[in-house]
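Read through the structures below before going on.
The following pair of complexes shares a single chain, chain A, combined with chain B in the former and chain C in the latter.
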Partner chain A sequence: MLSYIARRVTLAIIVILTVIAAMFVMMHAVPGDAVRTALGPRASEAMVEAYRARLGLDQPVWVQILRYFGAILRGDLGQDAISGTPVLQVILSQLPDTLYLIAGAMLVAVIPGIHLGVVSATHRGSLFDRVTSVLSVSVMAVPSFVIAIYLLLIFSIRLGWFPAIGSGDGLADKLHRLVLPSIALGLAWIGYLARILRASMLEVMAENHVRTARAFGISQRRIMYDYVLRIAILPTITVLGMGIGQMISGAVFAEIVFGRPGVGKLVYDAIANRNYPIVTGTVLLTTGFFVLVSLLADLLIAFLDPRVRNVISR
Partner chain B sequence: MTRSRDPVLSVEGLSLSYDTPNGELLALRDVNLTIGPGEIVGLVGESGSGKSSLMQAILQLMPAAARVTGGRILFEGRDLVQLGPHGMSGLLGDRISVVFQDPMTSLNPVLTIGRQMIDIQHRRPESRAAKRRRAVEMLRRVRIPDVESRIDRYPHEFSGGMRQRIAIAMALMAEPALLVADEPTTALDATLEIATIKLLRELQQEIGCAILFITHHLGVVAELCDRIDIMYAGELVESGPVMPVFRDPRHPYTQLLFACDPAQIREATRHLPAIGGGLPDLIDLPQGCIFAPRCPRADQTCRRLHPADRPAGRSELVRCHYPDAPRLEVAR
Partner chain C sequence: MTKTATMSSFTRRGLLGAGLAAGAAGLALRGLPALAEVSAEGGTLRARLYADISNLDPAYWTSASDALVMETLYAYAMEFEAGTGAFDVRPLALKSVTVRDDTHIDFELNAGILYSGDYGEMTAEDAKFSWERIADPANDSPYAADWAQLDHVEVTGTHTGTIVLKKPFAPLFTSTLPATSGIILPRAAIEAAGGRFTTSPPVTSGPYRIRDWQPRTRLVLERNPDFKLFEVDFETIELLPIEDPKTAELGFEAGDLDHAQTSISSIPRYAASAPRGATFEEFTALNYYWMGMNEANEALADQRVRRAIQHGISREAVVEAAYLGAAQPAAGIIAPGLIGNRAENTYNYDPDAARALLAEAGVADLQVSLAIQQTAEDLAAAQIIQAMLADIGVTVRIDQHESGSFWSLGVEADGDSWKDLQLFLFSFAMQPDPSWATMWFTGDQVGVWNWQRFSNAEFDQLNADAVVEMDPEKRHAMYVRMQELLEESGDVVYLTYEPVGTLTGAGIASAMRPDGWPILARFKRG
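For the complex of A and B:
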């Protein structure tokens, strides 16, 4: 088990290093000059050269890459090009709001998604199953920002049940303001999870051990939630792991539409202002987050499936 | 063996069909089968003979396309057909238990053996500890070594033979009146097969349950069973006490089946004997006797009329117009 964890962590580190290198290359390939953009059109040639030297952009590319790696290893993601605050600090100040949003969206997605998947599989071919499958595909097809805008129009503006923008102060207010963005971000995932889980459940239901459980008179409910779901959930966990990572990019829309602070809003503004340190820092952190969540998902599967656990421990 | 006592299970005139895209497939037609208390009945037949359909009907674990079109399945005075899958779940794992064919896949892979053995005692109003003690005790009886430490292991940590013994332990833990064993030894190698059968017979004598043993291995039937029932293409064609039927089979299919058993071949041969022809189309049945198209002595009567069940020799049931005709041999 320990060697498995070590192997997975090593792999995760390699992925992150590759992303750093790729990002560095891409930032240099992007048209437009960061220094000139930062200083504005009226800056003199001398000012541009001085600023370039200060940022180390006059050095050869390989020196820049090595410096970049070195800085990241020290936890230094550079300074905000506009305010001069350390990037790490800026991102970390925005991160909690995004994490709350993702947690809320997951809650919206997971509980109904799992139950819909289980019930659809149990009553395969029934009206409920068909309606669920049509609705699942529908919510998956609609972009989350469209859902966000409609939620905002209906529940905030027309009905006035929820505040339209901001993240709020105090727990109750924060939770209240979290409802609509969470639904906007999580709704598509209900359908997605229900679809995946249904297919996976049907596969497991055809296995011999389910027939054995039936032959011992174990109740349908118990068989579905205990005997089948426990196996069928495993591939869903992998998907969910990637889903949480992807939700950071989904959060960009939700945060802009609902005017919430957060990493998505931060990176959106940074791109508009060509605030490169913030952009690269955010990409790096979200990549790290993505890799971490996938890693946790794999470890969770290893923990839940004794067959995997056994193969690993050898 | 006398059959004076009330049977544990009696299948009377059971017919079952499957809805298929090509029409109604008549998988079982007018099947009669009785199992006395404590009796071990071997149900023999080739693939497609309806053994599995009959088993699924008895357990009421039939696929959605299956439909019972006639007859009854009486178990302890109740008609299982009327009871249906829902009412049946009260009997399954309690009065009727099953051991399935493939021990590698018939246990849940992500739950421990102990957990599964506790779960199947869901009808007992006892503590988990008491259920666990009963599970340990039962695993000892099927000779799982080192039970205390192994009960919390997962199925994949056991060998095939051990898993099948665990499945037997699970099936017999509730001391059922009837055990349905669906080719429980087919997936095991020969030595394990003998050991498993010995164990099954020992436990059967201790518990006193009846066993419906489904197999296509005639040697196992001779070794283990009191009675033999032979199925062909959805019909039960012959039934009787094991040894007399082996010595003097009366249905032509039984006679040819025994003649084709590789264990019966005495001289060296380049070709294994076989019954000519193939199984009839169960969607478009031939008129008359189901075996007539392959039967060497079929005549006009056989091709026109469906034979009734009648006793002949020591066999209590033979579905043939001429059960007293001379015994058939296979042409080599």
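For the complex of A and C:
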């Protein structure tokens, strides 16, 4: 198991380095940099060039990449090209709000998604199953930002139940302001998870060990939750692991529409401003986070499924 | 210039716009009056900031948000009066200003203006340090031009001194002393900060001071009890960085904001019906919007071709399409209310003349590209231009660029894309002095911000002379002439000055400049 983890961590480092190198190349392939934004339109060309040199942007891309990797090893992600604030400080100031949002969206998605999937599978072909199926496809088909707008219009402006913008102060206020963005981001995942779990459960329910369990007279509820769900949940865990990565991307729209701070919007703005240190720093951390979550998902699957555990051990 | 409607009651913009347009039900909901009452509760004014602060140093600030916040943190030397139709200024930190002659301006500071911390009282020595700091080429301040003619500041007493200029300098009282370059800070504080600072001012002197800044989340300002130059009504000002105006509109309607600038596309809707209890105000910004033509591009090198394009475009139609009736066609780049505002255009819509000019130039089936940013206004304007130029036989391909790419298209230092640049839609912001409008079209700006690559010796000379001309009538004539020369070159089609719409909540009296710039410290209750 330890060697498996070591292999995965090595792979993760390679993935992160590759992503960073690719980011550098892509960013330098498009015109513009943050220097003019940082200095304003009235800066002379001499000032622009001097500032560019100070940031190291006058160096060849490969030199910049090597310097950046060297700085990472020293724990230095550089400075915001516009404000001069350390990148790590900027990202860490935004990260909690994005993590809260993703956690909220996961909660919105997982609890109803799993229950709907289980009930649909156990009541295959019923009215409930058919309605769930239609609703699942419907919420998956509607773009999340449209859901976000409607939530705002109905629950913030029309009914006044929830604030429209900002991330709030204090736990209660933060949770209050988290409700609508979490629903907007997580709603589509309810249907997605329900459908994956339903399909997976139906497959497992047809397997021999389930029939054997039925033959032994074990209760239907116990069979579903102890024998079927334990196996059927595995693809869902994998999808959730991948889903967190997608939610980081999806957080951008929620952060824009709901006027929330967060790393999604941070990197979106940074790309527009060609604020390379922020872009690379954010990509580094979010890629690391994504790789870590994927690793945890794989380990969780190994923990739940002895067959996978055996493969890993070999 | 202003018009008020008071009722009794992924691009970012594209993302929200698409959502809003997604269904009739949603639109119907928006048609209902907002239920949320907007009010300044607890002595806090909550307002939208266009973007987060990035630099609050008067010598190095970068964005309009910085300037907006600096106005609350520092006692400006002079200030713009709110609520007037003109850009009238009056002394603020300065008690009096006396123009002894064109190059000697005597000033006296109000006594008892206290800095934060242990930096004591504002003195004439501080004024000398601050203004000379910006002017000093060694400090590389992008705003050195604001003090371009400063020779030195002579200190004659604790609170008195004389600004000694090398030459007369007209913008001194329009965009230097009443703006960021007029801010006075103590030498000790700046030196303690290492000569410059960004988002943590080592010292403040204005009506508010920073209580809490959470980057990209909120900036909370609290009343400065030591500030005595005028009374402020709000104990705190909470500024939320919201770049997208549609998000700000929703936040306002939900009661999360007390003051916000709206999107341009929402101006007609709010002008017709403001949310209940809210006041909607409409202004004409100083921002000027035009279509430029790169005369260095082979397809546009013949002036007759550029003139044909000028004649082929109806400014009225373009402005109507882009600004939905909220703006008027412009005849220049200097906004109404400023010296140099031009009343009449020279080359107007005349498709027959356009066709004749193209025939005379021997050009048939001309194909050009029009570079625009990813905004609804640019796209609407570009599509109208495309249709009108098709009518005279010119095929226009619209190239949309995200902002980072767009702003480097004509910059020589950023590559060779300037060579392929043909038509482009441009909008520049400016300060309330005409020199800010014309400075980008000089010969030395070719390949920097002069993407037309317009080069005219008379223009350059006038641009230099007008800054030192103190007679308003002569100055006006000089700036009008510069705009004539620019249009005469065929390089530009003047379009409009951008409209600004603002929403202010019930129980709050806004304090606005004629261009829609909010003077937050002057906002009042009731």
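The rule we apply is simple: the second predicted complex is superposed on the first by the 299 of 314 C-alpha atoms of A that agree within 3 Å, B and C clash if a C-alpha of one lies under 4 Å from a C-alpha of the other, contacts with A are read in each partner's own complex, and residues count from 1 in each chain.
In this section, contacts are C-beta pairs under 8 Å (C-beta built on N, C-alpha and C of every residue); 3 or more make two chains touch, one makes a residue touch a chain.
All of these numbers come straight from a predicted model, not from anything done at the bench.
Upon superposition of the two complexes on chain A, no clash is found between chain B and chain C, which fit side by side. Of the two partner chains, chain C is the only one touched by A:Ile165; chain B is not. In the superposition on chain A, A:Ser249 contacts neither chain B nor chain C. Contact comparison for chain A: of chain B and chain C, C touches the greater number of residues.
Once the two complexes are laid over each other on the shared chain, residue contacts for A:Ser126 go to neither chain B nor chain C. Once chain A of one complex is fitted onto chain A of the other, the partner contacts of A:Asn208 are limited to chain B, with no touch recorded for chain C.
Once the two complexes are laid over each other on the shared chain, residue contacts for A:Arg36 go to chain C alone; chain B is not touched. Centred on chain A, the angle reaching out to chain B and chain C in the chain A superposition, using CA centres, is 160 degrees in steps of 10.
Touch criterion met: A:Pro306 reaches chain B, while chain C stays clear of it.
Once the two complexes are overlaid on the shared chain, A:Ser3 sits clear of chain B and of chain C alike. When the shared chain is aligned, chain B comes close enough to touch A:Ile218, but chain C does not. After superposing the two complexes on chain A, the closest approach between C-alpha atoms of chain B and chain C comes to 44 Å.
Chain A has no residue lying at the interface with chain B in one structure and with chain C in the other. Against chain C, in their complex, chain A makes its touches with residues 30-33, 36-45, 47-50, 82-85, 90, 93-94, 97, 143, 145-146, 148-150, 152-154, 156-160, 163-167, 252-253, 256-259, 261, 265-266, 269, 271-274. Those residues of chain A that touch chain B in the complex are listed here as 207-209, 211-219, 222, 226-227, 230-231, 304-307, 310.
By the touch criterion stated above, chain B contacts chain A in their complex at residues 59, 61, 88-94, 97-98, 100, 102, 105-111, 119-120, 122-123, 154, 156-157, 167, 170. Residues of chain C that touch chain A in their complex: 10, 12, 15-16, 18-20, 22-23, 26, 29-30, 32, 34-36, 54-55, 60-63, 140, 142-143, 145, 198-199, 214-218, 240, 242-244, 247-248, 250-251, 253-257, 402-405, 407-409, 411, 413-415, 417, 440, 448-449.
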